[in-house]
């Protein structure tokens, strides 16, 4: 592909390589990827002098030359594979294989870095189109919405229809022009008259439906990335902001933009805390004691038990979201990390907001609203990015303290 | 744009920067571009250790890290400017200014290198769409065809129509999805029953028109790049090959794919040769003598004079195309460089193929056909690229010798 | 609507009338329709002299005048209602109500005649678009295919997908430009390598799928009218012929165009024949005796019984299709009437072609292939239309005789 | 076409008839049309009893039967011709020929009545689409705008562009779905800040251009019917009302909808009046005397003369528009008839509003504004339609009196 022949007949050759790839088994594919790493490094004959030149003294020109010289020929291979019909989609699929193979083949990391670099450039937000998904959308796209929904499962076409057809529902997705029937990411929105605390009534088939012009609140209740092969390329931030902007100009009555979000890491964190020594855990002794109620089967169905657990679970969820950090000092919870990083504010904790088995398993049923306050997003984002400060409402902030 | 604020409100900010750019005068724009060079170099704190690490020993991982570390922050700026509405087109326009400014500001070269790098990635052939331009195309696109035609000028809408509407004419252009009404490059094709030697009869309004299914030859008689801001990004090779492929499958009677091309550098080269000493010129004494006929006003209208000049001018044109080289050893003539580099063959010289003032001025009216022979393209390209060998027909090859 | 105000503000007024209609109950709607009959007859003051004039002597001019004068103002009302947004679809819905109401209100017949007259003009085949329905079609259209399928029920989206996505399946529908998401009629096609005798293997999910270019036979196995409000406007003839033409030019390997059709009136006719006196029935005594096997529960599952019944049921089905006529002398079976009227030929009888409860109930499981032989359609149609002669293969013709 | 063969192979047959038509000369075409009249009258065998039945007594049912029976078979022929590819457009072209031939062949009148009847049904306003024509519209449609403009000629593509591209200009056309690149009628609109009195400054290339949101007045300055073959089918009324409605909801600042119209019959009427005896002319003696100034070459360029003529010409134009009637009692001026019939009001006379040779020739340069006042349209239309009353402003009304 990089040879003379590649220049003359690139498209046909790229097509041929993909056809072979389609026929390879797992091992052959990994071997193919490893070959790309081995055979297409940067050109050492150019790179060495570029390094030397860049050292004394470094000028813009020789640094620029160094950047070019240090680019592995792998990137040019990937660029040429993109010439094949449907090349972009096939490269995204190829990276899916690569990402899986990396786990056991760290030598492939550099190849993934090349893929990532090119995809970040090709899937630049400037090239993406926002599209509303409703019941007039082709079936081959809708079936992908069903398949890719990762937060609140869509079981069949009737349920899909309930998410996109009623006047109080919206679903928006980003598309890339080269993959017109493949959503990249989508967000589901409910239009309501108040900030919701519970997911099930909001999804119920027989809920009261309000007219869009009566809506005061737009609730982002599900965000799903669709392409594993685009892992690490961040679309969610742009998607939410674009949808907020579009909804604001379409529906003048909307005042509040808020999520109703899971807390996927809460139960795991809590379980770990309960297993720690007193001196290192984030829990008070009283809290620990109360939490033993969680161990009883069916506690969530027993109103009295749930009521006793409410203050302690809300306090602990607040503490988890505000204070638990990963190694890089960011919020431990991935959903919190995403929304707080976007400039949203932790607004409200919702005891038993999601009483489904999945909800109970991941967060003892707790849900949370993140608020997108147009006037505050930039400030929140800045504080978060510079000093790690987490924006939280007074109500949440109070709950951080031990019960 | 790179700051925290840039992350939170990138689209609005990019839009704002372009709005300011639109209001700047020439000097302010150059100052703006210079600021990009100065303020957004690679991060020295990351780059230095990366250079050190890449030296002993260079592993794929640390070379990959070096590549990332040596990328100037300018590239990220350009990527974020692309988020603005119509950002891609505006960046292409910005590079037009940059290319002009570079000539007197070599410090801007590195910035152009960044633009070039990103544009080469964004305008990857895999993202381009080939579109036939005919009389059903929107006027705002057609007017650009009129404006961008660089070989045989289109004077008005009637002339445009004659190039795109008759059944024996085709015009194809590449488009990028983000600039749907801006052709990037286009080629004009005439369907004929033989390889043409003269341009004027082929463009004449009252020529006989043949049905496409009767056509045996497809003549590429004009190729124009449309976007100065994309200078250096090569589309022509892909365009011609795609058009050959599409026409072949549409019109089964087509046997021959050939250009009718100008020789833009011939007259200049010849004039220089005539001014040189005998010992260094490429001309024989007899040739020199005969060429003095060119100095008479209106020689091209005098059949006898033209007949005397024919052998010598054809010999010299052949010699020019086959033997005259630039500093890098490539054909001196830019059109020859393009087609020969694509794998075409120098096929036939056409004395007074273009007797217009422009044709006489640039090549004493001489034109040339380059042949795209599907079965030979790859081989020709390889020979050209590896050893600089130029593919030429026997007839042309014979003419290289002195008269 | 016919008043001055109607002329000035017709669109708004038509819209208003439909809005009121939407709020009316059944009785009010019938009253509304009755009012149209009563209040908007032809203009008697114009009609009377026109009748007089047309009598002695009738000239083209006075007959033309008579035609105009005898048009009821109802038609102009309907034309103006069509000005409303979505007016055409709403008029089609209105005629649904009218058709139901006619049964008990013969006074409404003349109004239906007006609707029919206008719809026949508006839904002229020249205005209809043929569209292939596949898996890339919007869901709101696909759900109508599920709903309107009247021959072999589609139970869910997976089954729909099996009818439109595999390479050996086609579904084509006619659309009117004013009702772009409402199919008018559709036909389902299976591409096979031989003329099929049984419906279930052909619809099976796990059947072998052949590539379209290997197909030799196109089987029309289901044709469904979609709009009750367009009853009497005949699209099927045009649809089949267009699909035959399109498939022939797309798939050059196709040799045979054939249906696999139900015989909906067979069981009813047979039951009636069995109840008649010997002297008037179409059955022989032997046949009657054998037919008593049909009265045993589950006979179709018993191979031996089915084998004994085969000759007699095939003979009787042939006799029914070829000789049983309605009052107007046309084939009694509605499906036979449709295909034979189109110029198709009765080709082959298929014992237990449809062993489902529905198939057994309507025709004791018998199915039939009608053959669309391009070279014979016109001749068949002419013989049918002029002398009622039914085109049938030799094999079928032989079976008409008593066993 | 009406035969058995027509039913079986109608589309191909219709196509064949059109192909023959294309090859016929004028005389052959007229003969063809005459044949349609002669050979396809109503079916006398059905019609005669229908007439008898309809006489004593006439019931809705037998009147409906009479209407059907009196329809000439010609209409069915036309309906079947519409099945041909591009049939509708070809029928419209056929009627162009018919309309020309009628003038010398009154026997063709009944055929035109059939065409008219069907076209009125097929081109029902409910089937028409309003489309804004701007610079992004395909060239093959734009060239038709140039060709069909009948009021203020468009000389070339630059002038066309000035009518459709600036932000203060609009052009809207009606299209039929079966003729998607053929405008049926179009209106040109200028957005201004006041009611204009002169056409040339409004069309000037260097006029000041106002932003659409600053516009207070929408001026309909040119309305052109495009299809001669649709003569008599009225679209203008619907077009203007739809455009008023659309502009009102797009541009909230618009307060006034007004035309700037020619008075095509004024000069002819005036010339006739001047030739009449004193006793029968509509002119006073003083007026006659003053009007002799018109006979001087170049009077319009002489400010003093024009000033002297202003009161008398305005008075006479007002008198012409308000009082001159055709045989059916309608306004004599066709443009006045159109706008007043739509419910507009005669608003303002504009001396030398159109000083071009065409303007001077048809109305001595006089122009007029008709006002479309949303709140009054219905009332005006009703008064006009019922009692022939013409809506006119006080200013115009005053001018009707002799100077």
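Per-chain numbering from 1; labels A, B, C and D assigned in written order.
What we mean here is this: a contact is a pair of C-beta atoms (placed from the backbone, for glycine too) under 8 Å apart; a residue touches a chain by one contact, two chains touch by 3 or more.
This structure is a prediction, so every number in the text was calculated from the model and none was measured.
Engineer: Moving step by step between touching chains, how few steps can get you from chain B to chain C?
Structural biologist: Graph distance in the chain contact network comes out at 2.
Engineer: How short can a chain-to-chain path be from chain A to chain C, counted in steps between touching chains?
Structural biologist: The least step count works out to 1.
Engineer: Averaging only over C-alpha atoms, locate the centres of chain A and chain B and give their separation in whole Å.
Structural biologist: 43
Engineer: Taking the mean of the C-alpha atoms as each chain's centre, how many Å separate chain B from chain D?
Structural biologist: So the centre of chain B lies 52 Å away from the centre of chain D.
Engineer: On a C-alpha centroid basis, what's the spacing between chain A and chain D, in Å?
Structural biologist: Chain centres of chain A and chain D, defined by C-alpha means, are spaced 60 Å apart.
Engineer: Quick one: which bits of chain C touch chain D in the complex? Just the residue numbers, please.
Structural biologist: So the residues of chain C in touch with chain D come to 4-5, 7-11, 37, 41-42, 44, 47, 51, 54-55, 58, 60-61, 63-64, 66-68, 70-72, 79, 82-84, 87-88, 107, 109-110, 113-114, 117-118, 120-122, 124-127, 177-178, 237-238, 241, 342-343, 377-378, 381-382, 385-386.
Engineer: Across the complex, what residues on chain C touch chain A?
Structural biologist: Touching chain A from chain C are residues 135-140, 142, 156-157, 161, 181.
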